[in-house]
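Below: the structure, in structure tokens.
Going in written order, the chains are labelled A, B, C, D and E, and every chain counts its residues from 1.
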Amino acid sequence: MSATAAPTPSVADVRLEQVTKGFDGVVAVDGLSLEIPRGSFFALLGPSGCGKTTTLRMIGGFEEPDEGAIFLGDRPVTGLPPHKRDVNTVFQSYALFPHLTIFENIAFGLRRKGVKGQTLKGRVGEILGMVDLAGMGDRKPRQLSGGQQQRVALARALVNNPQVLLLDEPLGALDLKLRKQMQLTLKQIQHDIGITFLHVTHDQEEAMTMADVIAVMNHGRIEQLGPPEELYETPRTSFVARFLGASNLLPGTVEGQSGVRLASGALVHVEQELPAAGSRVAVGIRPEKVRLAPSRDGENRLSGTIFDRSYVGVATQYTVKTPDGRVSVFAQNTQAGSGTHEPNQAVELSFDPGSAFVVDLTEEENE
Amino acid sequence: MSATAAPTPSVADVRLEQVTKGFDGVVAVDGLSLEIPRGSFFALLGPSGCGKTTTLRMIGGFEEPDEGAIFLGDRPVTGLPPHKRDVNTVFQSYALFPHLTIFENIAFGLRRKGVKGQTLKGRVGEILGMVDLAGMGDRKPRQLSGGQQQRVALARALVNNPQVLLLDEPLGALDLKLRKQMQLTLKQIQHDIGITFLHVTHDQEEAMTMADVIAVMNHGRIEQLGPPEELYETPRTSFVARFLGASNLLPGTVEGQSGVRLASGALVHVEQELPAAGSRVAVGIRPEKVRLAPSRDGENRLSGTIFDRSYVGVATQYTVKTPDGRVSVFAQNTQAGSGTHEPNQAVELSFDPGSAFVVDLTEEENE
Amino acid sequence: MTFIHRHRWLAPLLLLAPGLAWLAVFFVVPLGFLAYQSLQSGTFEQGYTFTWEFSNYRDAITGYDEQLVRSFLYAGIATVATLLISYPLVYWIAFHGGRWKNLLLLFIVAPFFVTYLIRTLAWQNILADQGPVVGFLRDIHVLSADGRLLATTVAVVSGITYNFLPFMALPLYVSLEQIDARLLEAAQDLYASKTKAFLRVTLPLSAPGIVAGTLLTFIPAAGDFINAQLLGTPNQYMIGNVIQSKFLELIDYPAAAALSFVLMGLIMISLLVYARAVGTEKLTG
Amino acid sequence: GGDDDGGGGGAGTTTAELADTLRFSNWQLYIDRDPNDKTKSPSLEQFTAQTGVKVNYVEDVNDNATYFGKIQGPLSQGRGIDRDIIVMTDNSRFPALLISREWVEPLDKGRIPNIANLIEAQQSPPFDPDRTYSIPWVSGITGIATNLQASGGEVVTTMQQLLEDTKLKGKVTLLTEVADTMTPIMLENGDDPSKVTDDSWKRAYDRVKKAVDAGQIRRFTGNDYVADLERGNIAAAVSWSGDVATGLAANKDLRWNLPEKGSDIWTDNMFIPLEGSVPTASEYMNFVLDPKIAAMLAVGIGYISPVKGVKDEAVKLDPESANNPLIFPDDDILSNVHQFDSDALNNETYTQQWQTLLGA
Amino acid sequence: MTTAAETLPARPRPSIAARVWAFVRRHLLAAYSVLALVYLMLPIAVVILFSFNQPATQFNYTWQQFTLDNWTSWDAVPGIRDSVILSLEIAFLSTIMATALGTLVALALVRHRFRGRGPTNLLVFLPMATPEIVLGASLLTLFLQMRYPTGFTTIFIAHVMFIISYVVVTVKARLVGFDRHLEEAAMDLGANEWTTFVKVTLPLIAPAILSAALLGFAISIDDFVITYFNAGSETTFPLFVWGAARVAVPPQVNVVASAIFILALAAMTLNVLFQSRRGRQAKGTA
């Protein structure tokens, strides 16, 4: 299904066709098809062990697919060794050469291409400036902080301006503050030089803030692919709904186009069109789209009691017990103080049919 | 100052008095005094290198303070070797014994205390259940995933039910999803068994969601100490303001009690009482407390143009250029769609004097 | 080179070929010849012919049981001694050596760099009957007035111990050095005294080193003949002395070959027994 | 044997056929040395001066058995051992073996006129009756050396003391060479060492074995007893006469005696191994049979020369050692020394028993 | 609580006791270790000391008087010079050969998954698990049967054979900790297998190879038994010592031994420094 799901863009920079890869028994990547539009910032998002790195390594040429083909541009690259592929990788572990200076680390690729002397100096100096490490050229990697090393790894790859840049959780090793900051830097750089970035991560927030297109992977397949907003607002599977941000999923059965009958018997309306009547579905609603207030007309309503309240500064998160299970609510703290409602208080929940989505459970249960 | 800030609880489980510790020149902990109320979930929050681990290690008995004294309950423990202290530590690296099974890892402490046979089996089995690893007892650590290992480390410490449990960034090595989940588990367990947790982290969100009391550390000293809400709503230093969530800090000068005159000349009112007129301060306002809308009466207002918009699913984050610098705004996505305002659009920002806070810059600049 | 990339399975073969070939031709094949020779019969005067002379083995065992037992006894004692002597030392270096670690380590390997024979001769000199050591031991009545060290079992065993100590110390150091200090902290945190922490954590984790060290010490020790020759008397002679003289002086090749295989066989057996005890992967590591 | 090592061979008379180097394997401390430069040997230098043949003199013979073991490999395959002269003792089985196996080249007698200088006793040894293959180097007498300090002032003069005196327990060494040890014992037993019978052998053997089992005997040795004796690690040792002259001279506590009931005399002989340069080797043998040279050697190494008229030459060189009875034994010494039975040396059972006694 | 500073209680008693005990114990271990080191150094000290002795007789056992002659005229003993030279030649050649072969094997073992790793490991391990005397004897048998004259070549062959295993083990140990991503990074940056090996792999495993070589050299120059069997009429330094020991070991032997010792120690020290520097570098990216 993922194949059909892929958008067909003007030009594809990277194309995977039915690629499968297994490691002694374990299927790491499972008949995966993918097109990465030129110049896009493409994020491969998925839980640990879902096959992200493996996919990346196959594109980079470090692993050969068992089946399927890989194209860079229109050129099939299957069987081509890494040094013959016009892609560069930023490794999670950075993999900086400990015995070379920062300058030589960055110059490594250029030297292989025979760039020399002033040209070399120029190019390296320039890129060093870009990742603002100017003047650090003579240090050895171990003399740099994690964040700096990370930027060197980036520079080392970028300086060859490859057709595609592969990043395997480049920010994984950095602490929160530094990560946020590097996210901006990366986005900025990609925006400036405009080459295709394939960014692997398991941090959904990172993917959402950075990527133009996100592919959510699970068990070596692509569950859904599209722009962040699309994925977030209308996830097609419960996995995506849960993995990309938090979701309340209320199981029920479709009653014609009128709506979905929940387990509790309540009927909820959803603008998104529904599968055939009678099919088992879950109505999804994001915590931030649920209001702790009586419903205005046209809105869906649920009632329950507040089970838990947790203050996270920017907002207060409520967990509300309802007949249809626990519903979590995200309420921005627009005022000082930890929100308005108390635990065990009976409340009414309401949400707009337009912001709810539906996940078809039947096919998932068949899997 | 931290001392006065500390709540004076019924009983203190851990007490540090003027503790100082240096490593060949570097002062890691600097005259730190602290009281941790019995049964509380206490978070020690601070940037990398600020002395958190060192503090913890001194309480655990792995380092001796250069000056000052440490009490567990009312008992001074300075100089007591670790195995004589009724505290247990969950190490950031887990430090599971690779040569022992999970069962034996957990049983280690009990055996030292001479617990045997059925009692031992019982206790270990019980705790294994609690961290739901039942049936994994015979595995070796390397056969477990990061999250599972983490839970073993936790179980190994908890099974001895110590007076105090020390946790040094126990979730640092886990990926986001797992971390969130473990946060709940931890909180739950602490709630159930009710022993004192001293939790070290540099993830402010983690601290806020989990702790009853947070101490923010910087350069080996405590900058501010109090319940999450207090720290978040009224940070006393710009460091705390920045480190605990995002803050917009607008520099200005106090004009009597009337308000603060910003660089741009605008006058902002703040409910919190102000330092002496003329003193340099920064008015702080949290992004989620700024509204992208004309001010109602009594509200402060700033005007500017939208510089950047970024969609993060649960909310849309705007960066607004104003005469007083960039102001970031957090707008919950209550509806589907990525927010209401477009880049370069001119907007009016407004916020309630009650939700603004003031940071005194003079003393900071003197430092 | 792209060729290599395509035929990855070839790479290891190319890398292995020369080294393994050398070992095959100059280690395995010779053993074959040795086996062949061990089944020959005849005398030096009449020359030797291959006759499946299995009695050579019987004679080897029955004729030199004394030396065989001695070899394994001495090697065993020496191995234990090296372990007891080097463990605390290496432990100290690994955990308290600080930035002197590597330097101190040099002290341990230092004996390697003095020719084996000369080391042993030095002991011959140190333990001499008129030497200071014996003198001291006589004074404190550990030795009787005309007691001696040289040309005794003590001398031979301590010679072996000294000469093979580095073989024990180095692997020990490696395994101890790898132990994560935090594990010991964890143990103490879990109420283990320093001693308990050592017994329950350090010791088990250093097992691989002990295993490797034991092998590297015991095997050469069992085949040694220099120490018995220079520090002992015929009553301390080990199987090595016999093999050596049969090969090089009596030119009784079949007997010598048979003895060699008996020695090898016994060593292999003890290895297997040992492997049973500690697990095979640690042996071939 | 082949002559293909460029050394030339067979009969010849001109120096043209001489190899440019003489490769000579000998025992340690067995050649005269320039006291100022121990690497130089006057006699060898003189040989080079006379013939223009350099000498590559190697002291790699440590004992007969080991050295034979080392060279027999190539020899048994008809190959040379990169030596022109080797030296072996007549009280071992090896001289006979070398000849019977044809592992040695016949001498070029034409080049050895000085063979006439040999004393009678040396003209026809049992293993090589008419000196076809061998020329004697020097002879030695086996006796008993004592270190008075270690022996408590008592001088050991009989094998009986050596083997049975408990005061010497563990401080006695015997020689690994069967003849050297057995001859004096047999003599004490009243047996004839030159005609060994199973009984006489057994009597002697049992005495030694008893001593060994009792821990009386510390070790069986080659030259290495000298070191132990000098240091006082051992009190008494079966000892070669020349060692006294060389090693023990300095130490005042040392005494050397011929056992009261007599002992054995032995001779080291030069051979030309296969592919050795016969002309060169023969030239050298002739050279050392010259009384002047023989005297240099005798005085230099302290052993008995097989050459007539050496003593007169020795007097000129060094009167003191000329009067040394160990180098120039008088008749009552000579009448008291015997040669060991060469058949006994080749007797397999004896050899086996002896080896087990040696512990290997 | 700010006032707590004044009311600081005195350090509680048990802690002092504990500290003292800990102190004592730590230093017991230290003291023992020092003794052990002395024990290790004693013979070496003796050897070096007597290299400066001027013995009265040919026997160099009792200290007479200090002299440098033995050092200045270290080759004043017939045969010693040749034997030393021979030993060095053998050690150099066999070390180079063995290091090359062994390193390749180690690379294969660590880097590649292939059938027959088990047997390979075993084949590498066995020579170390075989007594030298058996190695020497069996090789001699081979040469006898092949009617190959023993001498320089056979010594060389023998030494390479038993050094290889040690090289493999040493290099392997270091390679295991080697971050494969570094090589992938190199290839990713356009370096082919060869360039990658030369520019990245080799520089990084150089210390391992170097120490393997040092070890090999030490073993080779020290070997007596195997050489004893296969030397033919050649005489290496250990063989020379063996011979000399039959009569009297001249002080020059001590001189050579001391010299070898000192040089080796110097080399090791350099290597160690080199190592620790590399070590820190490696951690830099780890």
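By our rule, a contact is a pair of C-beta atoms (placed from the backbone, for glycine too) under 8 Å apart; a residue touches a chain by one contact, two chains touch by 3 or more.
If you're wondering where the values come from, they're calculated on a predicted model, not measured in any experiment.
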item: For chain D, the least number of touch steps when starting out from chain B; value: 2
item: Between chain B and chain E, the fewest steps along chains that touch one another; value: 1
item: Chain separated most widely from chain B, comparing mean CA positions; value: D
item: By mean Cα position, the chain sitting nearest the middle; value: E
item: Maximum inter-chain contact count - chain pair; value: C-E
item: Chain D and chain E, separation of their C-alpha mean positions in angstrom; value: 41
item: Interchain centroid distance [CA atoms averaged], chain A/chain B, Å; value: 27
item: Distance from the mean Cα position of chain E to that of chain A, given in whole angstrom; value: 53
item: Inter-chain centre distance, chain B versus chain C - centres from mean C-alpha coordinates, in Å; value: 57
item: Contacts with two or more other chains, residues of chain B listed in rising order; value: 81
item: Residues of chain D engaged with two or more neighbouring chains; value: 70, 231
item: Junction residues of chain C - those touching two or more other chains; value: 2, 5, 128, 194, 244, 247-248
item: Footprint of chain B on chain E - complex, ascending; value: 1-2, 4-5, 8-9, 11-12, 14-16, 18-19, 22
item: Chain B residues touching chain C - in the complex, by the definition given at the top; value: 60-62, 81-83, 87-89, 91, 93, 95-99, 108-109, 112-113, 156-157, 160
item: Chain E contact footprint on chain C (complex, rising order); value: 1-2, 4-5, 8-9, 11-13, 15-16, 18-20, 22-24, 26-31, 33-34, 36-37, 85-86, 88-89, 91-93, 96, 102-119, 121-123, 125-126, 128, 162, 165, 174, 194, 215-216, 219-220, 222-226, 230, 240, 243-244, 247-248, 253, 256-257, 260, 263-264, 267-268, 271, 283-284
item: Complex contact set, residues of chain E against chain C; value: 22, 25-26, 29-30, 32-33, 36-37, 39-44, 46-47, 50, 61, 100-102, 104-105, 107-108, 111-112, 114, 118, 120-135, 137-142, 145, 157-158, 160-161, 164-165, 168, 173, 192-194, 218-219, 221-225, 228-229, 237-238, 241-242, 245, 249, 253-254, 257, 260-261, 264-265, 268-269, 272, 275-276
item: Residue ranges of chain D in contact with chain E within the complex; value: 25, 28-29, 37-39, 57-60, 62-63, 70-71, 73-74, 77, 79, 81-83, 222-224, 226-227, 230-231, 246-247, 250-251
